[in-house]
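Multiple structures are listed underneath, in structure tokens.
The same subunit A turns up in both complexes below, where it pairs with subunit B and then with subunit C.
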Partner chain A sequence: MRVVRLLVGKDLRLEWRGREIVSAMGLLALLLAIVLGATRSGPEAAPAAMWVTYAFGATLGFTRTFTLERDHLTALLLAPLDRGLIFAAKALTNWLGLVVVQVISLPLFGALFTETIWTRLPALAIPMLLGGVGLAAVGTLFGGLIVQARLREALLPILMLPVVLPLVIAAVGATTGILDGLPLWAIGAQLQLLLVFDIIFVTASFLLFEYVVEE
Partner chain B sequence: MSGGAPERWAVEVRGLVKAFDHRPVLRGVDLRVRAGETLAVLGANGSGKTTLLRLIATLSSPTRGSVTWFGEPSAPLPEIRRRIGLVPHESLLYDALTVEENLKFFGGLYDLAPERVESALDEYGLRPLALRRVRVLSRGQRQQVNLARALLHDPELLILDEPYTGLDVGAADRLTATLRASAARGCTVILTTHDPDGAGALGADVTVMLDGRLTEIMPAAGLDAAILAAWFREGRR
Partner chain C sequence: MRVLLFLGIALMLVGVAWALLAAPTELFQGAPQRIMYVHVPSVVTAYVALLVVFAGSVLFLWRRDPRWDRLARSAAELGVLFISMTLLSGAIWGKAVWGAWWTWDARLTTTLILWFIYIGYLMVRAWAPGARGARAAAIIGIVGVLDIPIIHWSAILLRTLHPQPTVFRVDGPALPPTMLVPLVINMVAFLVVLTALLVLRVRQERTLDALAEALEGGA
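Presenting the complex of A and B:
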């Protein structure tokens, strides 16, 4: 945990000074929310709009995370660390960035799509957090894989989005249920599915990360 | 060698082959570096020097052959890595962090006490730069910090990839002094360079990478004309 704290602390300090990742993700999220809101702003469109925004915001931000680390990855790989810890720290940083984007874009979704967001906020946090963890795990794994590639900004969505599609569908389903006013037990299946996806994606990514950063 | 204690090898490389996309860069490298020795690997650009250093630094796996570190063939890689310091051609420092923050971060990766960072700032003459962000430092100052980063955990093996490139005379002299001091403490130093005279100033033995293999190790002053000619021919290819 000490090493993960150290790595995340360094990433957050760099982000605080540069504000490159959250500002890029946030700007894209705001643009998408506004465009989607202008196209079809009924309450029933809110869950899909939210998760399209988060998924695309994530692909942009997660590519930047590794691009900024590219020249320093050698030092991390040379350190006497389990490389899974490097993954854990990067995934945690990515997830925190996504949470920031989710939080700052919520008012826009509330204003453009449905006010129910405000009354259902605590319940809504559950699929947002669970879906975010899965996106961060897969995005971090593929971000590490393509860090040396030239067209990495184009590659990450191509690689990541098909893999996270089941997760995004489950997140949209859970979000829809919550905004429709269903109790949590009624959407238990979707939440369990999200949890299972998270466990699979986090475990697989943790184990595979060592191989994807090998030359 | 006969009689006395057996020789301690910091690095033993045997039959090392490394290919990228089926194109061999190293074609069977054999190399043994004694503990405490300083060795300069010379060679043309693209001859495979950096590839060899990355293999010795545990950052890459060989296509064929083996590398043994510190005479311990079965030691786990994280333990080996703890004993190696690397200064690659590119800076590994974070531009947005100060010198002190960089050293504290890298010291933390090796679980070093904060006092070690404080002493390193004095030891490598970095105290005046401690609070400056790396992005505002000159190439020579960056290299000084990069070297301090690599030496922070007192490695037994220090690997440097063309460390003199882009340095002015003063910075190059400081680098030489630091490397000589490290060698005097018993640290094994392996570096790549294009400059046989610089290697000589360092008191290093040299070997030349030719056609994916290394020549015999020899004193820097003893580079014969045939090897130099082959080196320059390869550089023009």
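Presenting the complex of A and C:
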């Protein structure tokens, strides 16, 4: 745990000094919200717009997961750590970045699409957290896979979006239900899928990560 | 290998001829229903190929033997080929019988998303050559199969949120023997052709690897 905290702290400190990833992800999210809102801004379009924004924000930010370590990845790998812990730290950092993006883009969705968002915040947090964890798990695994590939900025969305499609479908379903004022049990199936997705992909990524970073 | 290929093609000719000439015309759908004799074997073959990718990927990561990687790579190419055939034949059948090229049915959605995942697999192979690319592809091969049940589940949720008009479809196990026989012949034929092409492709890859190694050694 201490190791994970140290690694996350290091990445967050680096990010805080440069603020590159979060500002790029955040700006893209705001732009997407505006583009989607300008084309179709009814309340019924809000859930889809939110999740398209989060998914694209994630693919932009997560490409950078390991570029930060470009010259130091070997140093990180030489440290006597379980590779799973490196994954946990990177996924946690990515997830925190995504949460920042979700929070800062929320006012825009509230203003452009539907004000119901403000009255349903506590319930909305559930799919946003569950969905964010799944996006971070898959994105960190694939982000690690393609550090040395050509055209990695193009490759990550191509690999990531089909795999996370079930997550996006379930998250949009859950968000729609919440904004329509349904009680939580009515979207139980969607939340269950999000939870199962998170469990499967966090576990699989944790186990497979060893093969990702190996030289 | 050559024997397998000829056997597969011969069986396919018998199966297709049977399906077109001898099998009865379906009462409600008419002639377009005969697409089934290509569509169903394609999808079965595609999923078998994806399972080979999965097995090859797991064995490659575990045993580090490049032979398993060549098997997985070759099976992924054929998997994409058979998924494409499934989607195309399905779209034509759908247009003829449902009046729509596409519907967000659970099975259709799952197959389409798998097509994208394995296209991604092939792109990684193209853009990240060498041992790293092989490991990256193996992980995608594993994740892709893990995703199959989840995609299917999510597509069922999608449909319950957005109800579709109930579509008419013939369900597999209720087929009469006159239709089942040519279907089974074609299914066997497709699987034999898959095996033959797989062996052929793995041999090509082996030659390619040997050639690359020899060139490297000589330089």
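Rule of thumb we're sticking to: the second predicted complex is superposed on the first by the 215 of 215 C-alpha atoms of A that agree within 3 Å, B and C clash if a C-alpha of one lies under 4 Å from a C-alpha of the other, contacts with A are read in each partner's own complex, and residues count from 1 in each chain.
Just so we're on the same page, a residue touches a chain if its C-beta (ideal position, glycine included) is under 8 Å from a C-beta of that chain, and two chains touch if they have at least 3 such contacts.
Here the structure is a predicted model, which is why all the values come from computation and not from measurement.
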| request: Examine A:Asp82 and indicate which partner it touches, taking first as subunit B and second as subunit C; both and neither are also allowed. | output: first
| Of subunit B and subunit C, which one touches more of subunit A's residues? | C
| query | Given the touch rule stated above, what does A:Val196 touch, subunit B (first), subunit C (second), both, or neither? | reply | second
| request: Determine, under the contact definition given at the top, whether A:Lys10 touches first (subunit B), second (subunit C), both, or neither. | output: first
| task | May I ask you to decide whether A:Leu151 touches subunit B, subunit C, both, or neither, giving the answer as first, second, both or neither? | result | second
| query | Thinking of the overlay built on chain A, is A:Gly173 touched by subunit B (first), by subunit C (second), by both, or by neither? | reply | second
| field | First (subunit B), second (subunit C), both or neither touched by A:Glu214 | value | both
| remark: Note: overlapping subunit A surface for subunit B and subunit C spans 214
| note | Counting only contacts in the complex, subunit A reaches subunit B at residues 2-3, 6, 10, 13-14, 17-18, 71-72, 74-82, 214-215
| note | subunit A partner, complex, touching residues on subunit B are 54, 57-61, 78-79, 81-82, 84, 86, 88, 90-94, 96-97, 101, 105-106, 108-111, 149
| query | Within the complex, which stretch of subunit A touches subunit C? | reply | 138, 141, 145-146, 148-151, 155, 158-159, 161-163, 165-167, 169-170, 173, 176, 189-190, 193, 196-197, 200-201, 204, 208, 211-212, 214
| note | The residues of subunit C that touch subunit A in their complex are 61, 113, 116-117, 119-120, 123-124, 127-128, 132-133, 135-136, 138-140, 142-144, 146-147, 150-151, 153-155, 157-158, 160-161
